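Down below is the structure, laid out as structure tokens.
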Amino acid sequence: MILGRRPAAVLALSALVGLMALSLGLGAAEIDLRSARSDAWTALVVMESRLPRTLAVALSGAALAVSGALIQALVRNRFVGPDTSGTSEGAALGLLAVTLLAPAAPIWVKMLCASVAAVASTALFVAIIRRLPRREVMLVPIAGLVLSGVLGSVVTWIAWQTDMLQYIGTWLSGEFSGVTAGRYELLWVAGGAAALAWLGADRFAILSLGDEIATGLGLRAAAVMRLGLVVVAVVSALVVTTVGMVPFVGLVVPNIAARLVGDDLRASLPIVAAGGAGLLLVCDIIGRVLIAPYEIPVGMILGILGAAIFLVLLYRSPAHG
Amino acid sequence: MARPGIRPLPAGAAAGAATAPGPARPWGQLRPGVVALLAAALALCSLIWMFQGLGGGNRSFILWLRAVKLAGLITVGASVAVATVLFQTVSANRVLTPSIMGFDALYVLLQTLLVASAGVTGFAAIDPAAKFLAEVAVMVLLAGLLFGALLGRGARDIPRMILTGVILGVMFRSISGFIARILDPNSYAVVQSVSFASFGRIDATLLLPGAAIAAAAIAAALVLAPRLDVLALGRTAAVSLGLRFDRMVVMSLALVAVLVSVSTALVGPVAFFGLLVAGMAHGLASSDRHAVLLPTAGLIGALILVAGQTLFERALAQPATLSVVVEFLGGLFFLYLLLRGRIR
Amino acid sequence: MIRIESVQHHIGPAPILSDISLELPKGRLTALIGPNGAGKSTLLRLVARLERLQAGRIAVDGQDIARTPTETLARSLAIMGQHNNVASRLRVSELVGFGRWPHHRGRPRAADHAAVAAAIEAVDLGPLAHRFLDELSGGQVQRAFLAMTFAQDTPWVLLDEPLNNLDMAHARALMARLAGVVRESGRSVVTVVHEVNYAAAWADHIVAMKNGRIFAQGPAEQVLNEALLSELYGTPIEVSSHDGRPLVLHHHAHSEAELMIRVAS
């Protein structure tokens, strides 16, 4: 099913607006959104809690989905995402290291360390898969998943040795319940990085055709690869430090978008972003209403829903798609 | 010019060439050296484990405790090792373990479902041995159904099957966590405790049935060893040689399910330990024949756990560290394999 | 004789083979030829029970492959596939040794070792018998697998594009070897061949396939004529004669010109 670009965009955008409104209306405090202008209490709840949470969810989803589309283009494989290429775990490792070595460092230093570590681990992933036999398409995601597992166990081990398990527990499972005004704004930077990716969309689309074709078309393949890795790593690092690891969004959303509008990144990235935001909003809303007033972390919901979507994709598309 | 290539085979060569030089011997000699050496090392470590620092107090009680733990460590080490070698043969891939495929996640999910349906007190009330046997049976059935169904879609696409397993593993873990969340904090703690590995905590009630089942499964694997050698040649060659390929794959996976159930029940999920052991076994064994490979791997697995636990518990007084160290080394070994390009 | 009756094969909705009925003669070197995607490999893999038979019937020397136990078939028929790589680290002699497995099921005797040695000699790998497969070139690995197929010592040998990876000298030697096996030991060989001249030079019997159907079959000198080959491959082809065997010319300059005209029209 290929939709026209415009109807797809309109559809995605209106669904997104609806979901955001729904997210704004949900919460422990009973409020009427329409009275936000007149009622100071309602305005406070919306501005301090509801709106930041909704924006954080939407921004994370959009940025993760875009970085997923990027990494799929960079490694030329549909079945990888930033959460299955060691990126998120790398970010957590960098964050852990800086927290241990310089606990008092300002947040932007921590961010930087997390980003650098995420770049390194993603580069390691790319280096590994370049050594895999080209025919074995499915080995790429397997290698990524196992690499993520290894890095994750290193994180757990260090945290355990230093009595920080509780602390990193929040990074390892993404959750938005702690988001309030003043504690999510870094995600705007992630959104900015995703927008940057859109500017370079043509380059990434060409690189996805292969190094040789890219070079033939006059592209500096290595430079484009580096740019892509930095965007993916920065997005992952920001999301991990702000809300924790959010699985599957970067994996499944680009796949669905590619089915709807094709693989031309310039056309598909906005749809990917909207889809990522939408999927994460849906999962967050489910997590909030299912056992209200308690919450289920969004990562857990995605672990089930995202895995199911992924399996459907895996078996609907041709084996080496 | 010398003519390269392929000379005509003299008629009746199969019978006539008996005088051909001997070295072409595919079922070549076992190198008993490695296996014997490993067995001796294991025996030595076991003795140290049993008798080191044995105080004057309640000797028989301490000896009994130590014997139980030793038996548990050996069972787990051998089970994980043999399961991993079997699994790597089936998947024709040296960097995979059953745990990566979600086998242990399935087991934890089973446990969780049991807690959910029986409640925490009910969970504690079920006879552990009976519960364990039932779990192993369900596990074999589920693994058989799941991976049998996947194989039915085409045994040729084994990488896709593996990816499916990996994702199912993530899904199983999430469902376990999810069920635990919507239950209550108490059951969440129970689920958590069966979700992490610890070699220090071996459930004595499960030891006897576990060890018996593991021994039976390992014996079955040894009986199947020649067929596993053929299986390792890949589908085309194996079918051409008359192996019932699909049946053999399902049988191997069932054995893997049994062995993973035993080790997970005794100490919890271990992800990369098997990788380390299987890698070492391939390196140390004189050939890739399973008749050599399986005993080598089993002994290495048991040896690492017994020696490691002796070291960490007695010398370093850190009884709970072994699992993490073993996992970490396994992880490093995996990275080494990847970067050496040894995935095939 | 291999008798193939009304065999059809689909992958998903795509028909790969439609209504194939065919007899492959015993004691002959048969070449399956035809353009890419004709279904040659699929047909061969169906005969070798590597693919499940969806419709029709195949019998090897009277044994229905759907009903005969696979262990029994392994003593009648050996196949070498296209992608030959093994995950385990094996020596050449060990790999070839597996060719005897259908005969001894894990307990080799002296005769088995002798057959293995002879098969290794036959493909000229004697000096490399103790090397590991991952230390050999692609062509050498190919020959090791070929030796395994020979060591299986079956009346029928099926080969799926065995000339891949082989240089000119080894390709020629292989075809000569296959022809020799057929002549001297009365075994039957069926092989998919891409380069039609190898079929022309060595095959006794030709089966030409196109679009999942049998396009022509018969003795080499009958099938390999200009009109038939040109239609089979959809490109002008000349057939000349060399040493009493047909020689297919498809690199010719004026054929190129004709091709241009054909494309233009």
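Should a chain be cited, it is by its letter among A, B and C, assigned in written order, with residues numbered from 1 in that chain.
The working rule: contacts are C-beta pairs under 8 Å (C-beta built on N, C-alpha and C of every residue); 3 or more make two chains touch, one makes a residue touch a chain.
Just so it is clear, the model here is predicted, and its values are computed rather than measured.
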Remaining touching clusters (ignoring subunit B, no chains moved): A | C
item	value
Label of the chain whose CA centroid is most distant from the centroid of subunit A	C
Selected interface, A-B versus B-C, where C-beta contact pairs are more numerous	B-C
Centre-to-centre distance between subunit C and subunit A (centres being mean Cα positions), rounded to whole Å	50
Length of the line joining the C-alpha centres of subunit B and subunit C, rounded to whole Å	40
Whole-Å gap between the CA centroids of subunit A and subunit B	34
Numbers and ranges of subunit C residues touching at least 2 other chains	none
Where subunit B touches two or more other chains at once, by residue number	93, 344
Shared-contact residues (touching 2 or more other chains) in subunit A	none
Residues of subunit B that touch subunit A when the two form their complex	93, 95-96, 100, 157, 159-160, 162-164, 166-168, 170-171, 173-175, 177-178, 181-182, 271-272, 324, 327-328, 331-332, 334-335, 338-339, 341, 343-344
Of all residues in subunit A, those that touch subunit B in their complex	79, 127-128, 131-133, 136-139, 141-143, 145-147, 149-150, 153-154, 156-157, 160, 247, 290-291, 294, 296, 299-304, 307-308, 310-311, 314, 319
Subunit C-facing residues of subunit B, complex	3-11, 13-28, 88-89, 92-94, 226-227, 229-230, 232-237, 239-244, 282, 287-289, 344
In the complex with subunit B, residue positions of subunit C that touch it	48-50, 70-75, 77-81, 83-91, 93-102, 105-106, 108, 110-111, 113-124, 129-130, 143, 145-146, 148-150, 152-153, 169-170, 172-174, 176-177, 180-181, 184-185
